[in-house]
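Order as written gives the chain letters A, B, C and D; numbering starts at 1 within each chain.
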Amino acid sequence: MADIEKDSHHIIRYPKLVMVWVFLLLLTGLTVWVSRLDLGVLHVWGSLAIAVMKAFLVIAFFMHMRYEGRLLRGLLLLTLVTLAIFIGFTFFDLSYR
Amino acid sequence: MDPIIQTTNQAVDPVFKFIIGICILLFIVISTVMLVFTFRYHRSRSPKPTSVADGNIWLEILWTFIPTLLVMAMFYYGWAGYLALRNVPGNALEVTATARMWSWSFSYPNAKTSRKMYVPAGRPILVNLVSQDVIHGFYIPAFRVKRDVVPGMKNHVWFIAPQKGSYDLFCSVYCGTEHSKMLATVEAVSEQEFNDWLNQVESHHEKISGRKLLETLGCLGCHSLDGTAGVGPTFKGLWGSKQIVLTNGKERSVIVDEEYVRRSILDPKADIVKGYQPIMPVNSDLRENEIEELVEFIQEIGGHSK
Amino acid sequence: MNSSNHPTLPLTSFWNDTGKCGVSAWVFSTDHKRIGLLYLYSVLISFLVAVLIGLLLKIELMAPGRTIMGPVTYNALFTVHGVLMIFLFIIPGFPGVFGNLVMPIQIGASDVAFPRLNLLSWWLYITGALTIVLSLFTGGGPPDTGWTFYVPFSVRTGTNVSLAVIGVFIVGFSSILTGINFVTTIHRLRADGMAWGRLPLFVWSIYATAWIQILATPVLGITLLLVVAERLLGTGLFDPSRGGDPIMFQHLFWIYSHPAVYIMILPGMGIVSEIFPVFARKPIFGYKMIAFSSLAIAGAGSLVWAHHMFTSGISDMAVLVFSFLTFVVAIPSAIKVFNWVSTLYKGSISLEAPMLFALSFIMLFSIGGLTGLVQGAAATNIHIHDTQFVVGHFHYVIFGGAGFAFFSAMHYWLPKFFGRTYSEKPAMISWGLMFAGFNLTYFPMIILGMKGMPRRYYDYLPEFAPLNLISTIGSWILAAGLAIMMINLFMGLLKGRPFGSNPWGGATLEWTTPSPPPTENFDEEPVVTHGPYDFNRAGVP
Amino acid sequence: MIRKMEKEYAGAKLGIWLFLFTEILLFGGLFLLYATYLSSYPREFAIAGREMHLGFGTANTILLITSSLFAAMSVTAVQQGEIRKVLNLLGATIICAMIFLVNKYFEWSSEIGHGFYPDSPRFSAGPIGEALFFSLYYLTTGLHGFHVLAGVGLLTVVALKVRRGAIHAGDYVLLENSALYWHLVDLIWIFIFPLYYLVL
């Protein structure tokens, strides 16, 4: 069908997966190191940014999202946006109480 | 909207008229058109469809645009009225309304408390809302004001009673068995009468009577003093009587004495009198002398049957 | 094989063409039509129980003071009424019954994408329903919290809330799986030629519904688990004395439960969009706008939850934002209404039972929706929040809207699956009684709310008595109509006239297969050549 | 026939992703509560956060990332028809998961031993937001642990099927989807780790 790409059976070679793993470990190290610095609020955002990078790697490579069609990516985005809205809009209440 | 409103009704009622007016109009137009079409194009009069039109971009734009305008107007007026309900006038008299299952009590700046809410007519009243247990709702329909009474949260509401008179106050948020009995009265009186009432101080040394306590704590909502059946057992003839109770699901019989009454007040779930529901709220905020008063009073009215 | 349970049906329908007709061939069947009928029966049982409870509620409210029950019973009954109606009837009802029965055929598929998952959904539904029923008779007795389970009351009450909540959780899981199944089905199993622009509008509405089921239901799931944790472990997350915030529970609850009201109404709207063109013999007006507005309602509907909390103490900023968005979500509904009415213009309208229910849907849903606008405006909401006005509003949209659409669909589609049909005259009479009784029951509630009578009130002040009495009498007329309708449908579907493959003259795919359809739905995979409302080519794919 | 299988493959893939979305939102509710309570009680959260064992957290992060790698590799292996390798990799994934759970067990025991658990006397005495942090921590990691357990079960079933030859280079959706589920479990942890062990 049109909305799946031919590439859905894409094979990712071992070395690439291991590379991703190495990156993930490096990022884990980085985030632990950053947490030792005295950054105040930036802590939260910094750690989250690193977590997002890790999540991106896992989704793109381990979960093959890079090789999926537009449909799945769109739907994943939809889900994340929905979650962000649920959390974000709650703060219309909390931040202004 | 007029920014300087006299009463809370003036903030709300015009909005009602505006929105409901538009709604009725829309409803009449839509139903009429629909019914006319149904009649005119009924198969008996219109055996074959005379059009195959399946859309019209201009109509779509029209009936997206007009409703948008209408709802935005509704939104705006609704919001403006709401702001008026939120902006407390500076000279408001402060009263604290305390809600518990299932009664109200009102206290005034000079520490006077009352079961009825006395207010001076014509003066803005700021009510601070405090809950002792679950969420309740402070609702005076006559003044169009309502605010939930949430434990741990500082909510408030304000209103003006335009005229002297008594008004109903409801608990609007469902709060358990006697939710619908959790009523109180707002007595709007003249400024003079109000001040007299307020300053008629009950001396602080005087002991708060047991009966008064039963009233303010809301016990009498469930337990009668005259033997009539209620949600909970009556107090009449209770003292010294033998009761079958369920303790941890096991039946046993007890003689009502001080220890039993105390336990029932402080830990109502410990012994449940057979045939009644385990619904009594915990009274963790009672002081020792208050408990003594209660026990004494229950003994007083219940003892004579023995 | 044995034709005893459906005497004269052709041997080629899903009732018997597999040769398996016993009970276990039904409750373990993976055929979407059988599962749809299983849902129909189970959902109707919940409905009838809940509706009888509704009748009892009204009798209690006939006069002030105690009429037939005490407050403890009343509180338990309205809770059970709400829980059964919402979680066991209307939310699983549309997707479970008509989504299952009709949607796969309408897209030209032979079944849903995951037939076994579909069966699991039904079993989960049954498990959840039984758990809820069990909660009524064990532990501290039936829950008395209202269907909203607000903390802290739901944590403090001694009734059997934990078990009931777990039951709802299981039903929610079933709903999620149905949603996943349907989205996948609609994406993957459309027949050749069934382009998105040719999807029947019912399928569009089921698609939008399924997305809400997928994205919103998990939030309810975790919220309910938290209530259980709060009760059993004392986690204190919503307990103010330990820093928790009861308002957060309300946020989480409504993040699901507002979108859920669109789970209830969207399929109903889809059904009306099917019935209007068929009974007016005219293509639907504004196909694209109706399809798009379903998605818009699902999307925008996820952004308005806090309009249930305007008086709760949320910030004024939140009131501003959520009141605004509430009005935005009304616009796509308005678009739909205008397009439906225009479909009638210059048509050739026949007023058979499905059409009568669909026409009254428009009127009742409009009243319900317009009262929704009164509630959405911040100032007016303050006065009518938690009053009978709200009760009036939601019975108009749920019962008058979704419920009447459901009845419409029962008259329109069920004969297709039973191969027999009901008699027209009792159907008309029952419709008339229900329509009149309905308004008599619920319009007084709207007025009562304006006068200030709160909801969930077992007892009320004497000044509210006359309108309550009228409402109670209305509920009896409604009950009479409902009973006639049920009996007529029941008798007709079992013993009535035979029903041909396309008596209504519909142009969607379900009318190209025999009534009842064979297990595989189509003799050969259809190749779709025209749109769903192209009546010149009705009867061929 | 080939077309039908292709359709089913794509359908299964879409289906599992939709399921993963629901999982994201399930945990989303807990993250929502975390966000709101962090914003209400930043100081108390910071104090409570310092009681966490960074060592356990980091070890578990590494374990899960590694297990995720094995799971991803097992998909590559099955695609290339290397059945022995698939089994080994799945075994390694499961072992990592088990060690994760054992770690978790010791971590929880140690915390509970120190008096941090819902409704504990220590919290009744302590500052008001601290208990919230730990309640959320237990609920989130508990729910996550439950998912790990489910994942172990799932992967075991898959491994058995691989051995029986029911999953092979021609038909491996089940393996691929189970791996996707496993990655999701990892993903959730990737966020739990900084939120509970690091930012405070």
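Couple of notes before you dig in:
Here is the rule we go by: a residue touches a chain if its C-beta (ideal position, glycine included) is under 8 Å from a C-beta of that chain, and two chains touch if they have at least 3 such contacts.
Treat the numbers as computed from the prediction; the structure is a model and nothing was measured.
Taking the mean of all protein Cα atoms as the centre, the chain whose own Cα mean lies nearest is C.
Put simply, the C-alpha centre of chain A and that of chain C have 37 angstrom between them. One simple way to say how far apart two chains are is to compare their mean CA positions; for chain A and chain B this gives 48 Å. Note: centroid distance chain B to chain D, computed from Cα atoms, is 46 Å.
Annotation for chain C: residues 187-188, 215, 219, 245, 247-248, 251, 313, 316 touch two or more other chains. Those residues of chain B in touch with two or more other chains do not exist in this structure. Under the contact definition stated at the top, the residues of chain A that touch 2 or more other chains are 1, 71, 79, 82, 86, 90, 94-95. Contact annotation for chain pairs lists A-C, A-D, B-C, C-D, with touch applied as defined.
Interface of chain A with chain D (complex): residues 1, 4, 8-9, 11-14, 17-18, 20-21, 24-25, 28, 31-32, 34-35, 43-44, 47-48, 50-51, 54-55, 58-59, 61-64, 68, 71-72, 75-76, 79-80, 82-83, 86-87, 90-91, 94-95. On the chain D side of its complex with chain A, the touching residues are 7, 9-10, 13-14, 17-18, 21, 24-25, 28, 31-32, 35-36, 38-40, 54, 58, 61-62, 65-66, 68-69, 71-73, 75-76, 79-80, 179-180, 183, 186-187, 190-191, 193-195, 197-200. Contact residues of chain D toward chain C in the complex are 7, 10-11, 14-15, 18-19, 21-30, 32-33, 36-37, 40-41, 44, 118-119, 123, 128-129, 131-132, 135-136, 138-139, 143.
Considering their complex, residues 11-12, 15-16, 19-20, 23, 26-27, 30-31, 33-34, 37-38, 41-43, 46-56, 59-60, 63-64, 67-68, 71-72, 74-75, 77-86, 133-135, 137, 139, 141-142, 144-148, 150-153, 155, 168, 170-181, 231, 269, 277-279, 281 of chain B touch chain C. Across the complex, chain C meets chain D through its residues 113-114, 117, 176, 179-181, 183-184, 187-189, 214-219, 221-223, 225-226, 229, 233-237, 242-245, 248, 251-252.
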